[in-house]
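There are two complexes below, and they share subunit A, which is joined by subunit B in the first and by subunit C in the second.
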Partner chain A sequence: MTPAISAAGLERRYRDHRALADVTFEVGTPCITGLLGRNGAGKSTLLRILAGQEFATAGRVRVFGAEPLENDTVLRRMILVRDNQTYPDLRVRHAVAAASLLYPNWDADLAGTLLDAYELPPARPIKKLSRGMRTALGLTIGLAARAELTLFDEPCAGLDGVARALFYDQLLADYAAHPRCIVLSTHLIDEAAELLDRVLVLDRGRLVLDAPADDLRGTMTSVTGQAGSVERLIAGRTTLNRCTLGTQTTAVMVGRLDDRDRELADHLRLRLERVTLQQLAGYAAEYHDRTVLTAVRTP
Partner chain B sequence: MSLPDGDGPIFAQIAAELANQIADGTVGEGERVASSNEISAFYRVNPATAARSLTVLAEQGLVEKRRGVGMFVAKGARERLVQERRRGFADRYLRPLVVEAARLGIGLDELLGLVREELTSVEVTTGVKA
Partner chain C sequence: MRSTPIVTVVRYLLLDRVTYLVLPWAWAAFGFVLDVVVLQLIPGGHGDDRWVGGLVAVPLVMLVVGAQSVARALPFALTLGVSRRTYFLGATALALALSVGFGLAVAIGRIVERATGGWGIGMAYFRVPHLLDGPWYLSWLTAMTVLVLMFVYGMWYGLVYRRTGLPGTTAFAAAQLGALALAALVATWAHGWTDIGHYLGTVTATGLTGVLAAVVAILLTGGFATIRRMTI
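And then the complex of A and B:
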C-alpha cells in the first residue's frame, strides 16, 4: 500500500542555515504520529513541506504517492493547522464556512459541536479572539475537515488544560470513528504520549528517532540509590546521564529491565523510575550521534 | 482517567486492569467488556493500544469475540484468574512483606499479629455473590 507520507533525503536550507538535513521516513495510515523536538528543530518546516506550502531544497516528499506542491488533488486530501495561524479579516463563522467548501469530508455537525465546546462565538471577528480561542478555531477546522492526512503544528499552543483535554478526547473519538493519518507536533510530549502510535524526533534538522510509541516505553530507566549499588545494577549497560548528590547517584540506563533486575534493584534498595517520552526525546537528541540508542531504536 | 504510573507497555497495563475487573467480579462472566473505542476514550490512549489490550485478553482466553456484538467475558475466566493469582501470591505479596518486615526488625509473631489486625479491620469486596 502507498504510505500516506514518504520523505527521502529531505533537506531545507535558508542561506547558511540547514533547517532539515537528510530526513527520511514513511508514515502509513491509519496512524497518529507525534513529531517531537525542541524549538527550531525543524518540525514546522517539515510540516509545511508536507503540506506543499514550502519547497524542499533537496530530496523528495510524497503524500499519498504524489508530490504535494501545487497538486490540488492531494492538497484537498490534507489539512495543515498551523500554530498561530493567521486568518484574513473574517468572522469565526466565515472561516468555518470557507473551510467547509474546501474539504470534501467536512463534518458540519462536528464543527458545530466543537465551536460550542470551545465557546467560540460564531459572529466574532477572528481578530478579536484571544490566542487560545484562535488556536481552538484551528483545532475545530482541523478536526471537522476530517482530511485523510491531518497535520497539526503545536495544536495546543496557548490552550488551557481543560481545552487541551477536550482536544485530546475529541481527537481520539473522531480518529476512532474515522481512522486516518494524523501528525501532530508538540512540546507537551508527556500529555500527548499515550495518543501516539508512532514517534518521530527531530533535532537540529535531523531525524534522530523514529519508533513505534509502544516500543519506547520501558527502554530507558532512571536508577537512584547509593552510588555503589547503582553501579552494581548498571554494570555492563549503557548509561546516558549520571548525577550525584552526596552519596546518592541517579543514572539513566538504556535497555529493558527483567524481573531479576527488579529483584536486584529491590535488594539494593534502588529506586527505579520510568523515563518519560519527553525525557527520552531529549536523550535521543543529545546522544543521537553515538551508538548508545541502538537498544531504543531496535527494541 | 489515567493509569497507575507503571513501566510496562500501556496495552499490557490496560489488559491487567481489565483482568482485575474480571477477577474481582466487576465484569461478570458472559458480560460484555468495554470496546476498544470505549477503552481508548476512557484511558485517553490510542485506539490501536486499546485494541491490543483486548487482544491480550482474548489470547489468554479470558474474553471471546461474538461477531458483530463485541467481546464478552469467557466462561471460567474468573476462576482461572483467581487460580493464577493464588499461585503468584507468595512471590508478589509475601516476599516484599517479609523483606520489609525484616528491614524494620518486625519479628514473626509481631508480623502475624499485624496481619490478623489488618484482616479484622478491612472489608474486601471479592465480587463473589454471597
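And then the complex of A and C:
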C-alpha cells in the first residue's frame, strides 16, 4: 500500500544553515504521528516541504505516491494548519466558507460545533481575533476539512488549557470516526502523547528517532535512591544522565523492567518513574549519536 | 458538481467583495461626483468638452487591488491546498472578469455621455482623448486592457514584495526606472525622439491597445516567474 508520506534523503539549506539533513521516513495511513523536537529542529520546514509550500534543496518527497509541489491533485487532499497562519482581511465565516469551497469532505456541522465550542463569532474580522482565537480558527478549519493528510504545526500555540483539552478530545473523536493521516508538530509532547501512534523526533535537522509510540512507552525508567542500591539495580544496563545529590542518586535506565526488576527495586527501596515521551524525545536528541538507545528503534 | 480549481480560486477571492466589487465602483462614483462638483465651480468655455480625468482613479484602484490579491489571500490559499499556478491563473481570470465588467461600463458611459452632451455640463469623464476613441467595442477593449494591465502590474509588485520585502521591491521599481532612463538615453543618442513623437501623434486607439496587450503579456510572464518559487 502506498504510504501517505514518504521522504528520502530530504535536505533543506539556507545559505550557511542546514534546516534539514538527510531526512528519510515513511508514514502510513490511518495514523496520528507526532513530529517532535526543539525550536529550530526543522519541524516547520519539513511540514512546509510536505505541503509544497517550501522547496527541498535535495532529496525526494512523495505524498500519496506523488510529488506534492504544484500538484493540485495531491494538494487538494491535504491541509497544513500553522500557528502563525496569515489570513486575508476577511471575517471568520468567510475563512470557513473559503475552506468549504476547497475540501470535498468538508463537514459544515463540525465546523459550526467547533466555532461554538471555541466561542468564535462568525461575523468578527479575523484581524480582530486574539492569538488564541486565531489558533482556534485554524484548528476548526483543519479538523472540519477532513483532508486525507492533515498537518498541524504547533496547533495549540496560544491556546489555554481548556481549549487544548477540547482540541485533543475533538481530534481523537473525529479521527475515530474518520480515520486519516494526521501529523502534529508540537512542543507540548506529554499533553499529546496519548494520541500518538507514531513518533518522529528531529534534532538540528536530523531525524534522530522514528518509532511506534507503543514501542517507546516504558523503554526508559528513572531510578532514584541510595547510590549503592541504584548501582546494584542498573548494573550491566545502559544508563543515561546519571546524577548524585548527597546520598541520593538518580539514573535513567534504558530497557524495559520485568517483575524481578520491580521486586528488586522495591527491596532496595528505590523509586521508579517512567520517563515521559517529552523526556524521551530529549534523550533521543541528546544521545542519538551513541549506541545507547538500543531499546528504542532508531532510523 | 464542484467547480474547476481556477473558478474555485475566483470564488475564494470574491469572498472579499468589498475589495473586488465595491472599491473600484465606489472610487469611480466618487471621482464622477467630484468632477461634477469641480466643473460646477469652474466657469467653462463654449462648446468644448472639458476632460476631467477622474476616471484615472479606477485603474489606480485596480493596481492596488492587484497587489492586495497576493498580499494576504495567497498564503491562506496555499494553506488550503491551492497550487501557485492555479492561484495565479485564478487571480488573472478574476482580473479579466472584473475588467470586462468595468470596461463595458466605461463603453456604455461613453455612449451616454456623448448622447447627453457630457451629462449636460460638457464633461468628458468617460471620453479620454486618444485612448478611448473609436467605436464602443474598441473603447470596451481598450478600457479592459488597461484595467487588466494595472491589476496584473499590481499583482507582480505584490508578489515581488512577498518574496523580497521592501528592499527587493525598491530594487524592482528602481530597475524599471533605470530601464526607462536607459531607453531615454538610447533614444537621445540615436536621435529618435522625433520618430517617437511622430508615432505617439499618429498612433490609433487600436494600435495603442495592441501595445498595452503586449505589455500585459510581459507582466503576466514576470508575475508567473515570480510566484513559481514563492515560499510562505
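One rule holds for everything that comes next: the second predicted complex is superposed on the first by the 297 of 299 C-alpha atoms of A that agree within 3 Å, B and C clash if a C-alpha of one lies under 4 Å from a C-alpha of the other, contacts with A are read in each partner's own complex, and residues count from 1 in each chain.
Rule of thumb we're sticking to: contacts are C-beta pairs under 8 Å (C-beta built on N, C-alpha and C of every residue); 3 or more make two chains touch, one makes a residue touch a chain.
Model, not experiment: these values are computed from the prediction.
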**Report entry** Superposition on subunit A - do subunit B and subunit C clash or fit
**Finding:** fit
Query raised in the report: Looking at the overlay, what does A:272 touch: subunit B (first), subunit C (second), both, or neither?
Result: first
Report task. Would you check which partner chain A:108 touches, where first means subunit B only, second means subunit C only, and both and neither mean what they say? Result -> neither
Report task. For A:8, decide between first (touching subunit B), second (touching subunit C), both and neither. Result -> neither
Query raised in the report: Is A:217 contacted by the first partner subunit B, the second partner subunit C, both or neither?
Result: first
Query raised in the report: Does subunit A have more residues touched by subunit B or by subunit C?
Result: C
Query raised in the report: What is the contact status of A:147 with respect to subunit B (first) and subunit C (second): first, second, both, or neither?
Result: second
Requested in this report: From the overlay on chain A, compute the angle at subunit A's CA centre subtended by subunit B and subunit C, rounding to the nearest 10 degrees.
Outcome: 140
Requested in this report: Figure out whether A:173 sits in contact with subunit B (first) or subunit C (second), or with both, or with neither.
Outcome: first
Query raised in the report: If you stack the two complexes on chain A, which partner ends up touching A:196: first (subunit B), second (subunit C), both, or neither?
Result: first
Requested in this report: In the overlaid three-chain picture, find the nearest pair of C-alpha atoms across subunit B and subunit C and give that distance in Å.
Outcome: 26
Query raised in the report: Do subunit B and subunit C land on any of the same subunit A residues, and which?
Result: none
Report task. Could you please specify the touching residues of subunit A with respect to subunit C in the complex? Result -> 48, 51-55, 70-72, 75-82, 85-90, 94-95, 97-99, 101-104, 141, 145, 147
Query raised in the report: Inside the complex, what are the residues of subunit B that reach subunit A?
Result: 5-11, 36-37, 40-41, 43-49, 52, 96, 99
Report summary line: Interface with subunit A, subunit C side, in the complex: residues 2, 5, 8, 11-12, 15-16, 19, 72-73, 75-86, 229, 231-232
Query raised in the report: Along subunit A, where are the residues that touch subunit B in the complex?
Result: 32, 168-169, 172-173, 175-177, 179, 194-197, 213-214, 217-218, 221, 257, 266, 272, 274
